[in-house]
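Chain lettering (A, B and C) follows the sequence in which the chains are written, and residue indices restart at 1 in each chain.
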Amino acid sequence: MTSQLFSPGVEQVLDLSGIFVFALSGSLLAVRKNFDVFGMAVLAEATALGGGVLRDELIGAVPPVAFTNIGYFVTPLIATLVVFFLHPEVARINLTVQTLDALGLGLFAVTGTAKAHDYGLGVVASIALGMITAAGGGVIRDLLAMEIPSLLRWDRSLYAVPALLGAGVTAALISTGTLGAVTGSAAVLLAFGLRMLAIKYDLRAPRAWHRGSSNTGET
Amino acid sequence: MTSQLFSPGVEQVLDLSGIFVFALSGSLLAVRKNFDVFGMAVLAEATALGGGVLRDELIGAVPPVAFTNIGYFVTPLIATLVVFFLHPEVARINLTVQTLDALGLGLFAVTGTAKAHDYGLGVVASIALGMITAAGGGVIRDLLAMEIPSLLRWDRSLYAVPALLGAGVTAALISTGTLGAVTGSAAVLLAFGLRMLAIKYDLRAPRAWHRGSSNTGET
Amino acid sequence: MTSQLFSPGVEQVLDLSGIFVFALSGSLLAVRKNFDVFGMAVLAEATALGGGVLRDELIGAVPPVAFTNIGYFVTPLIATLVVFFLHPEVARINLTVQTLDALGLGLFAVTGTAKAHDYGLGVVASIALGMITAAGGGVIRDLLAMEIPSLLRWDRSLYAVPALLGAGVTAALISTGTLGAVTGSAAVLLAFGLRMLAIKYDLRAPRAWHRGSSNTGET
């Protein structure tokens, strides 16, 4: 299977790292929303595993890997405990969390695209599923907390575009038969780099085009 | 398969037309909510394909057709581009959009019911899945935009009832072995007509029953 | 199959009772949100069947039992009719509804865990799926009504913990090969009892830990 980019041990460590930081972002939002510890755990699990579960349901890989690999399930609970006791500290190292989140975004975009292709989906669909894997958990997190998904908001820095870049490069690598540990890592780093640039320079995507005087009244 | 009501070419054109107008409604809402262009695309895809994806997941037709037919995926992106550049014009032809949306509603109610029956579901479940196909995308659209689903709201004209009519007539046609291009089109037009009447005369469904003086205090 | 804890007739009656009260809570919320009668029916169906549908999708039991057993689908419609005509009375017997809801919570936690195990999932995943079966419908209900899921809120009495207790005990019974009608009922009653205690004494789960002076500023 091409989705096994790295040695199993390396892939497992990378996956669990991504899950851990996604879970941190979920449980931190739960603290801000004043949820209890179970709400924190639910939001951590949903944020960390939601994208992969959506992907697995859509490609027909049931039960989703999140329900068959116990490490995937337990990791968000550990993140919940960390945030429960140390949330001021975790919030203070926000740049570190954002950096790890960017790494998770890139990693899941690449592995999600590769897994969808393994299950026989076409190039465009595999890219879409890579993006769903990377960004789906965050959308579920925001919905459960009754916030407009930050993925959709104009006033947030680019999130979908780095995922698209990582997924698109991965699809190109698969098409040319050159996806491997080195090239896959490069795709992850490309997505990661663009996301970090987006955070640093607050890069945003345009909103719908306005012409003439109608442009002025905009908020 | 009975779900192939029309010749493949005709069905494809009808499907893509329905997807296109559903996508218009999604990206127009995104403009109103001040989302960026990627938010517009996500909302367009979710509105246009969400109902069909839900249906396919529920009947076990994975991967959903939205991920195997590239036209289904690309059409909402075209609608997004149209709205991006021309949204004042698209908003101005609101009645046209609503008319096409009503046609999409009828079409998806009928084809959704037929597909569910093809996959072995019973009459009642097929009707439910026809309604989910027709109305599910709009519910996902509203949730992603953090609005109460207009399907549920009392102050919006009937939407579920036309879908129910189209799905119910389709189920009756299947049961009597008379579903074909002509009768299927009639079912679509029945749902379409009822939806247009609901828009024109602002037909609404009743709210819970109030008796005696308790009726007065209602808002 | 171990999931057949009781004789088929008994299990059917219990299942439909749980579905009925979950549907009551959905349509009562719809009345409070001023939805029309179709919004009431949608919310009743989603609340009553949502948890089981999520479970069945996740374990690969498609189409979900909610779409193959017509009683499951019709029961929420009956609950909708009851609430439509009698909602002041239903709201007045709130403690009765909460009691039956607690029974449904316990029942679905136990049967959901057992069904997930039947489909080959591990202990931890089966517990998670038991909790999803029991609490998932309520989360979908709250999302559709644009309310923060009461499962996550700090200011609501314990809901996840009773489900966890019921699911955990069931998993222990399965592991020791002692799950049966009597022990299964005991697990249901344990979850039910804890939920009733939580309602009576307004038991809540803690929020994230605050230390020193930072504790004071909390809302």
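Following the convention adopted for this analysis, a contact is a pair of C-beta atoms (placed from the backbone, for glycine too) under 8 Å apart; a residue touches a chain by one contact, two chains touch by 3 or more.
What you are looking at is a predicted structure, and each value in this text was computed from that prediction instead of being measured.
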| item | value |
| --- | --- |
| Arrangement of touching chains [line / ring / star / complete / other] | complete |
| C-alpha-based rotation, chain B on chain C, 0 to 180 degrees, nearest 5 | 120 |
| Same or different residue numbers at the chain A/chain B copy interface, by half rule | different |
| Whole-Å separation of chain centres (CA-atom averages), chain A against chain B | 30 |
| Residues within chain B bordering two or more other chains | 57, 143, 146 |
| Touching residues (chain side chain B, partner chain C) in the complex | 57-60, 119-122, 124-125, 128-129, 139, 143, 146-149, 151-154, 160-161, 204-209, 214, 219 |
| Chain A to chain C touching residues, read off their complex | 30-31, 33-40, 42-43, 53, 57, 62-64, 67-68, 70, 73-74, 83-85, 87-88, 143-146 |
